[in-house]
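Multiple structures follow.
Each of the next two complexes has chain A plus one more chain, namely chain B in the first and chain C in the second.
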Partner chain A sequence: MNKEFSVIGKSVIREDAFDKVTGKAKFADDYKFDEMLYAKMIRIKATHAKINSIDFSEIENQKDIYVITANDVKGKNLVGLIKHDQPIFCNEKVVTPGDVIAMIVGEDEDKLEHLAKKVKVNFTPLPTLTDPTKALDPDSVLIHPEEKSNLIIHHPLRKGDIEKGFSESDEILEQTYTTQLIEHAYIEPESVIAIPKEDGIKIIGSIQNPFTTRRIVSLATDLPLEKIEVIQAQLGGSFGGKDDTMCILSARAAVASLKTNKPIKIKYTREESILESYKRHPYILNYKVGYTKDGKIKAMKIDILADGGAYCSMSPFVTWRTVVQATGPYEIENVHTDVRAVYTNNPYTGAMRGFGSPQPIFAQESLMDEIAIRLGITPDEIRRINGYKNGSVTATGQKLQNHDVNILTVLNKAVALTNFSNKWKEYKKEKSVLNEYEFEKPILKKNKFIDPKKLYQKGIGLAVSFRGCSLGAEGLDETYCYMSIEKNGLVKMLTGLAENGQGLRTTLIITAAETLGIIPDKIQFLETNTSLIKDSGPTVASRGTIMGTGSVKNAAEILKERLIKIVKKGFHLDDNDVIDFRENLVFSRKKGLLTNFDFVCQLALEQKENLTAIGYYKSPEVHWNEHNGQGDAYFTYVYGCQVAEVTVNIGTGEVFLNKITAVHDPGTVINRLGALGQIFGGVTQGAGYGIFEEITHEDGMIRELNFDQYLIPTAKDIDEIKPYFVEGNDIYGGYGAKSLGEPTLELTAAAIANAIRNATGKRFFNLPINLEELVLGKKIRPQNLNRGSL
Partner chain B sequence: MKIKFYLNKKEIEIEVDPTIRLIDLLREKLNLTGTKEGCSIGECGACTVIVDGKAINSCLMLAYQVDGCNVITIEGISEDGKLHPLQENFLKTGAIQCGFCTPGMIMSAYALLLENPNPTEEEIKDAIAGNLCRCTGYKQIIDAIEVSAKELKG
Partner chain C sequence: MINLNCKIETPKNIDELLKLLAVENFNSKILAGGTDLIVGKIQGSKRFVDTELLIDINKIEELHKIDLIDDKIIIGASTTFSEIENNKIINEHLPLLKKAVSKIGSLQIRNRATIAGNFVNNAPCADSVPPLLVYNAELELISFGNKRTISLENFLEAPYKTQLQKSELVSKIIIPVPDKNIIGDFYKLGRRRAVAISRITLAVLCRIENNSFDDIRIASGAVTPIGKRFYEIENFTREKRINNDLLINLSQMLGEEILKITGLRWSSAYKLPVVQQMFYQLLNNIVIKK
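After this line comes the complex of A and B, so read on.
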């Protein structure tokens, strides 16, 4: 493919950057309306309880205070993105502590805070289920009795003959890994305003997917879709996290707005945000792998349990990606995988950047390193033996073709850039250099004192992954772009895909600029509004770039064709002449420079040429057999390799992240600034997942409700991140651009875990590998929910 | 109570409830919504403004405490419609993604450069260690501050 571009691949300043550096950018909470009221949630301190009655008598006589309950929900009170199992207001029971029973609405936020305490909820606590491993026991508490089981979904995958594979193996290794619950931690807490309109409602909010929100608001209010207008405010981070929660908050605001006929704002504090919003699934992963003495993996048996928490949310799709990618990018003849997600009373889990991949990658990449160590080869060698090549067949039986299968290319590049093999051999420990603690006698004996010279141990580790682009067999995958050219050569465009803060609009502007041969400044991206354009599916699954550039390029090509006709006619050129548009200028191959873009547009409009177009892009067909997990799961894949270099203080357990080298094949880089930003940001989130982030709970009650206890990486936590792009060729999307957002995050924790193994000689099986995990080999939790000195 | 202070170089006099926070005064009463609220407990730094040359969390300061002070917010650092070098370099280095932490981040950097025109990378990291960003991984932000320091020195 021709990768000589004029705009694509350069560094382009974001179209929204000016507003963002001057404080002008309007986020949801920055909107105010006349007569706007605020809403305060009513919750109870219970993990699982039957609501007997709700007594509002103490506040009912208050002037201008409204009570909003399930009775005000004119449509369906039970909603959800896949299963309709989540109440907008929990009038019968709560199944997790974030649940909202009712809402009180009024003018003064402080007064509402005070009045909320006067609402008396009479409830009967029910037995709780917080251990996902007990969810499928026959006598287990049922979270949603109408579902008859706590099983949300089961994805089986069967390829080859697993028993034959094990019998052909020289060695068999069996290990169990666990990963933790984590929070998206977007810096902007949730906020939404519902505004009554003549015969409908308008919603402005920190909404990830306006079309999904419109659907849920429609379900709740019983208003038809066209009477609901959803506008996305500037979104202060999402990472997959402002979908279900925002749908429900929007529905609550809409219900209250319809009742009061006033604009209603819901804004969450950080505590409410962490309490109620969904999180990343904790996984328990059992891997059994058989391999030969030459390092060839013959069989892999995988059993994974995901804690879905109290509601279904996106669990079926999250775990589907897991079943497709659970072996990692390795060609294995015999695979037998079961992935299950179950209900519990824990905080519910759903979409989060990575979406079911960081968990199996931690397991499978730890496992690959263990095999290498047992065989006396290096981690890169074991991956070279088993890694996908062009034409390899995946665990789902899909033959990898029509794109560069770059797993070994990114691996070799990362290994070369970091001098990996030599460092790995140099740092390698034959046995653990960490103290073994005896918990009964917590005093260190003199012979266990650490020699200060040995306190700091260096390590290096790597991880690789392949990742299916876009939705795959999850569902219909298509996008639209409306584009028009004004008389002055200004291009306006709109897509049904929403910006999530990552810079999608700028990426799509660049794509249009490249196709039309103009500079990005000439293109204006219009506000995302559900009433103006057709649904293009959600901005999820790193599909914004691959799917969005497809429809934008299509629209721009339609317009360009028409302009070429005008140019040929206007300048009396031969039919076989070739017209090029470059940097606002128009060239003929035969006659050279003809004119500029603006003049051609003027000419076209004078000749009444139609300069509006609708671009469309549909993903190629994918197939899936849900009974045996076989099929072409995704139409294309991306590949990545990250190398972590760390120093471990073996006395305190602190892990210093010296350098992360991230080599990714995103197909084509569209905006270099944005692509680099994706790597820096994704690696940093991945590092937090690896070594410190964790939401813990006591019987479902979350301990870490704000950033004083929930620690995310700061500017001081990673010394250096080195991004590197290998741009593979692909026939799909616009200009071969694929996905980058999620691949950057999914590898980091696994690479760090392998580096810690290399530094300490000890394997860690449970994320996060925080100070306690490292030094004591277990997690330490506070004994109660009290914060600090409270 | 009535307070008088300089806000973005203009003197203002205003009646404030003694219990409201500086961030409420800025966002709710004065409609300066560039200053953001992310955690309300002084951990995330999104609400950072400058009071008498120091970066402070406006969620942790009461409004009346700025009586007689010189307060600068994100809305007050560009002059005559020209962006401050920090703003300009945040654009150019790609230091912005969602942009929610950006105002606070720029104000922390602004305070740093007031005090130390020649910061090392470590000093820059220290200055923004109290500003959380979930999108960028900080690297391009640190670059923007480094370049700005050089430009401001001339």
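After this line comes the complex of A and C, so read on.
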């Protein structure tokens, strides 16, 4: 493919950068309206309880205070993105502590805070289910009795003959890994305003997927879609987290607004946000791998259990990506995988950057290193033996074609950039250098004191992944772009995809600029409003670039063809002359420089030519057989390799991240600055997953309700991040651009875990590898949730 | 906007301040940096829930300076951590204090938070406390018509409790200039490299003569209910010859002392072995540097 571009691949400053750094950008909570009322949630301190009665008598006589309950929901009170199992207001029972029973609405937030305490909820606690491994026991508590079982979804995958594969293996390794509950930790807590309109309702909010929100608000209010206008305010981070929660908050605000006929604002504190919003799934992953003495993997049997928490949310899709990618990018003849998600009373889990991939990557990449160590080869060698090549067949039976299968290219590049193999051999420990301590004998014996020269141990580790782009067999995958050119040459464009802070608008502006041969400054991106454009699906699954550039390029190409006609007519050129648009100038192959872009747009007006177009892009067909997990799951894939270099303090368990080298093939890089930003952010978030972050709970009650306890990495926690792009060719997307947002995050924890193994000689099976995990081999935490400082 | 539901007064001098503090029927608190108080108030901490009046001392210049007078270093109560970190007198004479305050919170926190606020709040993990304890810091407390001096050690009572009376203000911290040949170090363990609440802090000052400890002072934070000196270990150590066995022995003694105070708590499984380990490492570093 021709990769000579004029704008694509350059570093372009984001179109929203100036507004954001100067404070001009308007986030949801910045919007205020006359007569606007606030809403305060009513919850109870219970993990699982039957609600007997709700007594509002102490506040009923309050002037201008409204009570909103399930009775005010004119449409359906049970909603959900896949399964309708989540109440907008819980009037019968709560199944997790974040559940909202009712709202009180009024103009003074402080007063509402005070009045909320006067609402008396009488409830009977029910037995709780917080251990997902017990969810499918025959005598288990049922979270949603109408579902008859706590099983949310089961994805089986069967390829080849697993028993034959094991019998052909020289060695078999079986290990179990676990991952933790993770909070998105977007900087902006949830906020939404519902404004009554003459004939419907308008919603402005920190919303990731305006069209999904519109659908849920429609379900709740019984208003048809066209009477609900959803506008996305500037979004202060999402990472997949402002979907279900924001849909439900929008529905609550809409219900209250329809009842009071006033604008209603809901804004969450950080504590409420962490309490109620969904999280990334904790997984329990059992892998049994058979391999030959030569390092060829013959069979992989995988059994994965995901804790879906109290509601279904995106669990079926999250775990579907897991089943497709669970083996990692390795060609294996015999694969037998079961992935299940179950209900519990824990905080519910759904979409988060990575979406079912960081968990299996941690397990599978740890396992690959263990196999390499057992065979006496290096981690890069075992991956070269088994890694995909062009034409390889995946666990789902899909032949990898129509793109550069670059897994070994990114691996080799990362290995070369870091001098990986030599360092790995140098740091390697034959046995664990970590102490073992006895709780009952806390005074250290003399031999337990660490020689100061050996306190710090260096390690290096790598991880690789392949990732299906966009939605795959999850569902319909298409995007739209409306584009028009004014007579002064100003281009206006609009897509059904949303800017979630990732820089999508700038990426799409660059794509249009490249196609039209103009500079990005001449393009204006219009606000995302569900009433102005057709639904282009959600902005998820790292699909913004691959799908968005497709429709933008299509719209720009339609317009460009018309512009060429206009030029030829206006300048009386031969039909076979070739017209080039470059940096706002227009050239003829035969006559050279003709004019500029703006003049052509004026000509269009004189020639009465239409300079508006609708671009469309549809993903190629994919196929899936849900009974055996076989099919072409995604139409194309991206590849990445990250190398972590760490220093471990074996006395304290601190892991210092000296350098993370991130080599990714995202297809064509559109905005270099944006792509680098994705790597810096994704690696940092992935590092938090590896060594710091965890939401824990005591019988469902969350401990870490704010950032004093939920620790995400700071700028000081990673010394250096070194990004490198391998731009593989692909026939899909606009200009061969694919995905980068999620691949950058999914590898880091696994690479760090392997580096810690290299540094200490000990394998860690449970994320995060925090201080206690490293020193004691387990997590310890207080049972009392109260804090001394309060 | 944050509504604190409190009156705020901003006295211009100490006299005005003491008069405000002397008013009996007001439940008042001194507001300096506010990095504990305001956060606690918003979180509904029972320590601040009855506070009706905040007395903002940021306009009072005398409380906000660092001086070297004769053989004493005087730090005004509302001096911020950033100011301490960047002060020449502190850098020259109190390196452990500089190191400790430079690791507190973030730059934004250090620009606001004050030294007196740190120990008046008296969280177990207050980072400036162990260095101040080994530097034998004394505090001047003033109230309308009264003044008293008290050692920091006696001032600290229990977690989040001190000897400070309702009408009193900590006006200054007085630290005797340490001998030139005193060496030492401060150690902090947090869960990350910035904006981290301490899991363990240790401060050691000592004088080494003829390969033995002529004088040693040891304090810890975050591993005991409040910041604490370990006199028994200090007394045991004096004039002992320095060798690896002694350093191990001292570390074990520290573990025993802490265990005596805290008993086996949920966090002991981690903190007890690690505090011994890191105290041993800290002593090694000090001895090697010498």
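To be clear about the criterion, the second predicted complex is superposed on the first by the 787 of 790 C-alpha atoms of A that agree within 3 Å, B and C clash if a C-alpha of one lies under 4 Å from a C-alpha of the other, contacts with A are read in each partner's own complex, and residues count from 1 in each chain.
Going forward, contacts are C-beta pairs under 8 Å (C-beta built on N, C-alpha and C of every residue); 3 or more make two chains touch, one makes a residue touch a chain.
What you see is a predicted model; the values in this text were computed from it and never measured.
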{"item": "Which of chain B and chain C A:Leu462 touches, first, second, both or neither", "value": "neither"}
{"item": "Which superposed partner A:Leu776 touches (first chain B, second chain C, both, neither)", "value": "second"}
{"item": "Contacts of A:Val21 with chain B and chain C, given as first, second, both or neither", "value": "first"}
{"item": "Touching partner for A:Leu573 - first (chain B), second (chain C), both, neither", "value": "neither"}
{"item": "Contacts of A:Leu275 with chain B and chain C, given as first, second, both or neither", "value": "neither"}
{"item": "Which of chain B and chain C A:Ile450 touches, first, second, both or neither", "value": "second"}
{"item": "Contacts of A:Asp708 with chain B and chain C, given as first, second, both or neither", "value": "both"}
{"item": "Which of chain B and chain C A:Leu235 touches, first, second, both or neither", "value": "first"}
{"item": "Most chain A residues touched (candidates chain B, chain C)", "value": "B"}
{"item": "Which superposed partner A:Lys716 touches (first chain B, second chain C, both, neither)", "value": "both"}
{"item": "On chain A, the residue positions that both chain B and chain C contact, one per complex", "value": "708, 713-716"}
{"item": "Partner chain C, residues of chain A touching it in the complex", "value": "110, 435, 437, 439, 442-444, 446, 448-450, 452, 455, 651-654, 656, 692, 708, 711, 713-717, 770-772, 775-776, 780-783, 788-790"}
{"item": "Chain A residues within the chain B interface of the complex", "value": "11, 13-14, 16-27, 29-30, 32, 184-189, 234-239, 269-270, 500-503, 673-674, 676-677, 679-685, 706-708, 712-716, 718, 721"}
{"item": "Parts of chain B lying in touch with chain A, wherever the complex brings them together", "value": "27, 31-41, 43-44, 46, 73-75, 78, 83, 86-88, 90-94, 96-103, 106, 124-126, 128-142"}
{"item": "For the chain C and chain A complex, residues of the former touching the latter", "value": "3, 5, 36, 40, 43-47, 106, 123-124, 159-160, 189, 191-197, 199, 245, 248, 251-252, 255-256, 259, 264, 266-270, 272-274, 276-278, 280-281, 284-285, 288"}
